[in-house]
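Chain nomenclature is as follows: A, B, C and D, assigned in order of appearance, with residue numbering initiated at 1 for each chain independently.
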Amino acid sequence: MKRRIPLTLTLVLGIVMMIQFFIPHQFSQDFKNTALEWLRVIGGFAFIIGLASFITHHYTKIKHKKEGWAYSPIALGALVVMAVVGLIGRSPNMNWIPVTVQGQQISVFTYLFSNFFTHMMIPLGATMFSVLAFYIASAAYRSFRAKSLVSILLLVAAFVIMLAIIFYNVLPLGDLGEWLLSVPNMAAKRGILLGASLGGIATSLKIILGIERGYLGGTK
Amino acid sequence: MKKWVPTVIFLAVAVVLIVLAIVFLPVSKSVWVWIAALLTLAIFSILYRDNPIYRIAEHIFVGLSLGYGLAMIWHLALWQIALRPLFVEGRFILIIPIAIGLLYFTRLIPKVSWLVRIPISIALGLGSGIAIPLIFQATIFEQTKASLVLPEMFAPGNPWPGIWAIILIIGIVTTLAYFFFSRKEKSVLSPVSKVGIIFIMLGFGATFGLTVMSRVSLLIGRVQFLLREWLGIIAQ
Amino acid sequence: MFFLLLPFLLTQAEVVSPPERSYDPGMDVAVLAGEVDTLQAMLTQVTGNQVEDLEAHMSSMFTRVYTIDSILKVLMEPEELIVEEIQPPANVKVEDVRNDVGNQLVLRWNLSPDDSLLDGYVLYRAVEGKQEFKQIQVLPPGADSTNDNNDLLARMIEYGRDEIASLRRNLPRAKRALPKLKQDAAKFPQADSLVPGIKNNLVAIILGYRRNTVRQFELDMETAKRNAERVQIKIDSLRGEITAEQTEVFTEHVNALASGMVDLQSMVQEDLPPGAAELEALAEETSKLRAKIQGTTVYRVQKLEADLANLEAEIASLESMIANIAFIEEADLEEYAKSRTERMQGLIEDSEGKLLKNRLSYRYKVVAVRGDLQAPSELSAAASPSAQLFHTQRINVLVAMIFFFSLVTFFISQAKRGKNLFLRKIAGLEAIDEAVGRATEMGRPILFVPGLSTIGDIATIAALNILQGIAKKAAQYDTPIIVPNRDPIVYTVAREIVKEAYSDAGRPDAFNPDSVFFITTSQFAYVAAVNGIMLREKPAANFFLGMFWAESLLLAETGNISGAIQIAGTDASAQLPFFITACDYTIIGEELYAASAYLSREPNLVGTIKGQDWGKATIAGLLIVLTVLAMFGIEFAVKLLTTV
Amino acid sequence: MKFWERLGKIDRRIIYIVLAVVVIIPLILTVKLPGKVRAMPRTKDVFDHIENIDPNGKRRSILISVDFDPQTEPELKPQLEAVVRHAFARNIPLLVMALPIQGTDIGIEVFTRLAEEHNKEYGIDYVILGWKPSPVAVILGMGNFIEQVFPTDYWGTPLSELPVMEGIRNYDDVGLVMDFTGSSFYVYWVYYAHTPYDVPVATGVTSVSVADIYPFLGSKQFIGMLAGMKAGAEYERLVKDKYYQDQDIFLRGTQALPALSASLLVIILFVILGNISHFATRRKS
């Protein structure tokens, strides 16, 4: 029962949606629209899983005083503050504790929420990725070796693309880069795309047929 | 070196820079820009080595993101498309998907935690069923069709599109051959797949160059922020 | 650092402006219509109307002369034609649209011979056997086909229903709110008279928009007033910016331009035949100059003044709106809601009457119209919009689906029956023995990173399958293996796998429980820890298999410096280049799945790989065959792949 | 040979500093590249398509999907701003949504700023639809009826009360879906919007995914593509030349371009130097 119900649901819904694709009749369209609406509603609740695992992860860390546990209260605190500020501050017509910002009266919660986003989340997120530029520079110097025919080809193609970007105004180089992207690159990527699509279809099929059942709970 | 040394160095450098900046530059007067700038520098501090300041900034980010998601999901999803239609507009049919969605909570109750599989299996079943025919249409058919060599590509005076199309088709077929795992060694396909690897490497090379550009762009974006919004060195 | 300047020096060498697009033939008429107007105006101004020059100019610019002819015709024969009779369109044909939900018909007819004289065509429809014709569409002259469907009508009906529902919902609310609103409105000076239009508007607002209380109006007004003040201040400050000196320069420029214009005009007059092009250039030049001279300050002042005027008007209207609320009675609300509901109900009924119905047949007539003249066509044959149960243009998708599904299930069942399905060896896999051997010789450990993703990722599962084989070999040679994990579930699975491998090799006692461990879920902290392991323990062989993101670069770089043999594999195509350049062997994309199938021999995996293989072979075959067919001009090849 | 050996063992932090200097100096000196930025054909395609949208016609609106997180914001924001400026200049109604949740507030920030700059009004010239869960269901659902997916806008106002939505019902009234993404959301738009509903789709991506997108460009499933920060600069140039010649607008991407060229060049040099030092020292040993 614990396995049969979910497996049957997947099987039935998967096959029904596949058949729906081939039926243009109104009832089929109505069914599809309802299914999509329900899917959106159900999807709204999916965040619970992420939230639960985040809280338990940090809670156990603090409880057992694992390495680096001191940071966990910071993460949890940030979560609570942002959630409270957002839940209150993003409500329609919210004007608790108004403050004046650039001549507009807005709630202090709304004010904090938008500033937390633009002046904390954006810089933190964007900088985390920009650090990679330094790592690439270092790896370029220390590890990108032209040690085989394959890696020589790869490095040459990469150089052509980078030079084409820098000197795009200089015709032959820019056009060579464009050609590299739209002929050999497109051929390889299309081949890989076709293979990957077949892989995706096969995986979906296995999910529907209940052969692939990793989603039932991770371990066997 | 002691563990706290980088922290101290970072703080010292930060303080010196801040003082210098306030004295000599048209720095921003907004507290928020300052917070953003200091957080940016905190993340950059990992370039020296892993340190507590970086870890704090990282954990703040993780917490904020999740808190943000929670608030937004309540306002934009649960309220707008589930609860309001149900309670205000009286669309009682929505009780069913809402009940199914609530099953996600059983994850927290060990005894009935298997019930969480029901919403997951519904989402996966619908998703897979919708995806299969559309992937056939959107990639397999569309991409194959777009790869065919057509006579009109060989316009008199400009046969190049046709020639490139032929190379394209050679590249696709040889790439597919490289990933063809049923081929025996020393079969005809071996040299073919060697041609395939050339195309694959040129393709990856292109990705490589572009990835480098991408990362550098992100860095420039951050430096632009520091120099422009914060320090005011670059003109607005 | 001279190289910093290099790009700029080089780009200086050859600067190429973007290639101009040639005119889209479909756009010729639109482009030309604009051209003719401006040119005609200019030519008239300079020389009087000379059509030959205009034509020469236009045919030099455009290849499609026939559109010019039609425009010229209109230009040269402006008198109104007097028409006494028009011919009807003929041969009206109706067809059902296939593969739809059954709500549309396609109509085609031959244009009336007097098409160019018509105001347009009007389309009428009647249910088969009934005489009552309803007007459905009005079409412009030149239209010889149309699609009759329920789209627009459905939209109307939905709109009407929404409006009725919101009226019903809001009436009691508005009634409740009204006394309070009137109280607040009393604070404002009374408006001179109640404008009926504003009143209706107000009633609608009070009914429909619950946020729009007087409070909101007041807030809006405050904002508007504040903005007006700001704009005023800005204008004053900008005015201060123009100094006497600037004004002088400005006047100088205008004078210079005026004198220049005269010269240029006379010059143009002299060599007119090819001169149309110069005229154009002149116009452009002049407009640019003018913009420059006007200067941003003047422009901004003007714009701000316009803003100020707008704001003041807005304030006035808001004030009168608020004051007018005092005149609204509860009866007004009711009356408005009632009349509006009636109107919407009328709209809905009318639209519903016009909806095409699935099971009925319809006849059409098309009427040519010019002023009061009407010429109806013959009645069309009857046709009925039917809904289909199978989408015939998707047969190819169905065939492909069935074919591929049977391939996959066939091979899976073959593999399950124990049939040995051949899979080729994979280069990176063969190197595993070499790497493990080297680690044994050097007496150093093996490092295995099973990717950074969760167990739900196919790449992670593939990596764990490969780990099984490696751990077994390590157990046999008694070489230590280190498996750091980022995901807690992957960690438990990996631990079981390594433990099992040791007992399979007959040495369960040699398994060190500390060799498989969980580090942290934080991406960069995990990478820092693994890098630390590589630098401290100096493993002789590094395996990076599974799903990787940006950290691929960091891992591969550190491993490279520590001098280990590195074998990597992932299906993340953006990360593969880093592995290829920094590792000794790389397992590329799908090879990873194949490798895991090859090692584990799990029937599901092997069967799927085989199925996909033959799917790929089919695509490659089709590509070649269909290209050959297409080159011989057989359109079937392309049609076969066209889906809707 | 000792020189190469020592060069090979150089501290990574020195490399970091070199890169930082190469990025900062062109920005501070506000180096301007000579000549105008030449737009790549893919960028031009997007520009031309938006040029040909008739703001009074049937397919008159643009649906902008801000499908990126803060992580890739520096690369995609110049593109987003340039496209929004273009649409504002042409008075095209804009619908703004997001598939990942954090995209909404990035969109709000950009739109509130630019709308003020261009005198555009919320609800009349553009609308923030916001975010809804299950991307596949959202994209497919909007093909049927936008209001079914987004009954209200981001702030809870019913869509039917916003003038901008008048006559915009589903993809049939959308002239272009413009998706900006730092991950693979572009595939969703091809699969679930372009394929079933045949709406023109274009994408603005980080350079990482550019090479992967070419197959879809070749098959015309995307009408065009904006590739990374570079394309942002190109688009800015196209828009400024056509609509804002006399106006001073901040060109985020154009400003960054010299630093981008310089740092790419430095990285190429690093690879070459690294390889020379590697092979020189290896031959010795």
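Everything below uses one rule, namely that a residue touches a chain if its C-beta (ideal position, glycine included) is under 8 Å from a C-beta of that chain, and two chains touch if they have at least 3 such contacts.
Only a predicted model underlies this, so the values are computations on that prediction, with no experimental measurement involved.
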{"item": "Pair of chains joined by the greatest number of C-beta pairs in contact", "value": "A-B"}
{"item": "CA centroid of chain B to CA centroid of chain C, Å", "value": "18"}
{"item": "Chain centre separation in whole Å, for chain D relative to chain C (CA means)", "value": "12"}
{"item": "Interchain centroid distance [CA atoms averaged], chain A/chain B, Å", "value": "5"}
{"item": "Chain A residues counted as touching two or more neighbouring chains", "value": "18, 21-22, 29, 37, 39-40, 42-44, 46, 68, 117-118, 121-126, 128-130, 132-134, 136, 138, 140, 142-146, 150, 154-155, 158-159, 162, 165-166, 169, 181-182, 185-186, 189-190, 192-195, 198, 201, 205, 215"}
{"item": "Shared interface positions of chain B, touching two or more other chains", "value": "46-47, 55, 58, 62, 65, 68-69, 72-73, 75, 77, 81, 123, 127, 130-137, 140, 142-145, 147, 168-169, 172-173, 176, 179, 200-201, 203-208, 210-213, 216, 218-219, 221-222, 225"}
{"item": "Shared interface positions of chain C, touching two or more other chains", "value": "7, 11, 15-16, 394, 397, 401, 524-525, 573-574, 577-578, 580-581, 589-590, 616, 619"}
{"item": "Category of the chain touch graph - line, ring, star, complete, other", "value": "complete"}
{"item": "Of all residues in chain C, those that touch chain A in their complex", "value": "7, 10-11, 13-16, 99-103, 211, 219, 223, 226-227, 358, 387-391, 394, 397-398, 401, 404-405, 408-409, 412, 455-456, 458, 461, 488-489, 492-493, 520-521, 524-525, 550, 553-554, 556-557, 560-561, 571, 573, 577-578, 580-582, 589-590, 593, 604, 608, 611-612, 615-616, 619"}
{"item": "Partner chain C, residues of chain A touching it in the complex", "value": "18, 21-26, 29, 57, 68, 93, 103-105, 128-129, 132, 135-136, 138-139, 142-146, 150-151, 154-155, 158, 166-167, 169-171, 192, 194-196, 198-199, 201-203, 205-206, 209, 211-212, 214-215, 218-219"}
{"item": "Residues of chain B that touch chain A when the two form their complex", "value": "32-33, 35-37, 39-40, 43-44, 46-47, 55-75, 77-78, 81-82, 94, 96-98, 100-102, 104-105, 107-108, 114, 116-136, 139-140, 143-144, 147, 164, 167-176, 178-179, 196-213, 215-216, 218-219, 221-222, 225"}
{"item": "Contact footprint of chain B on chain D as seen in their complex", "value": "13, 16, 19-20, 23-24, 27-28, 30, 71-75, 77, 101-102, 104-105, 130-134, 136, 140, 149-152, 154, 156, 190-192, 194-196, 206-208, 210-212, 215, 218-221, 227-230, 250, 252, 255-256, 259-260, 263-264, 267"}
{"item": "Contacting residues of chain C [partner chain B, same complex]", "value": "394, 396-397, 400-401, 422-425, 522, 524-525, 528, 573-574, 576-578, 580-581, 588-591, 594, 598, 609-610, 613-614, 616-617, 619-620, 622-624, 626-627, 630-631, 633, 637-638, 641-643"}
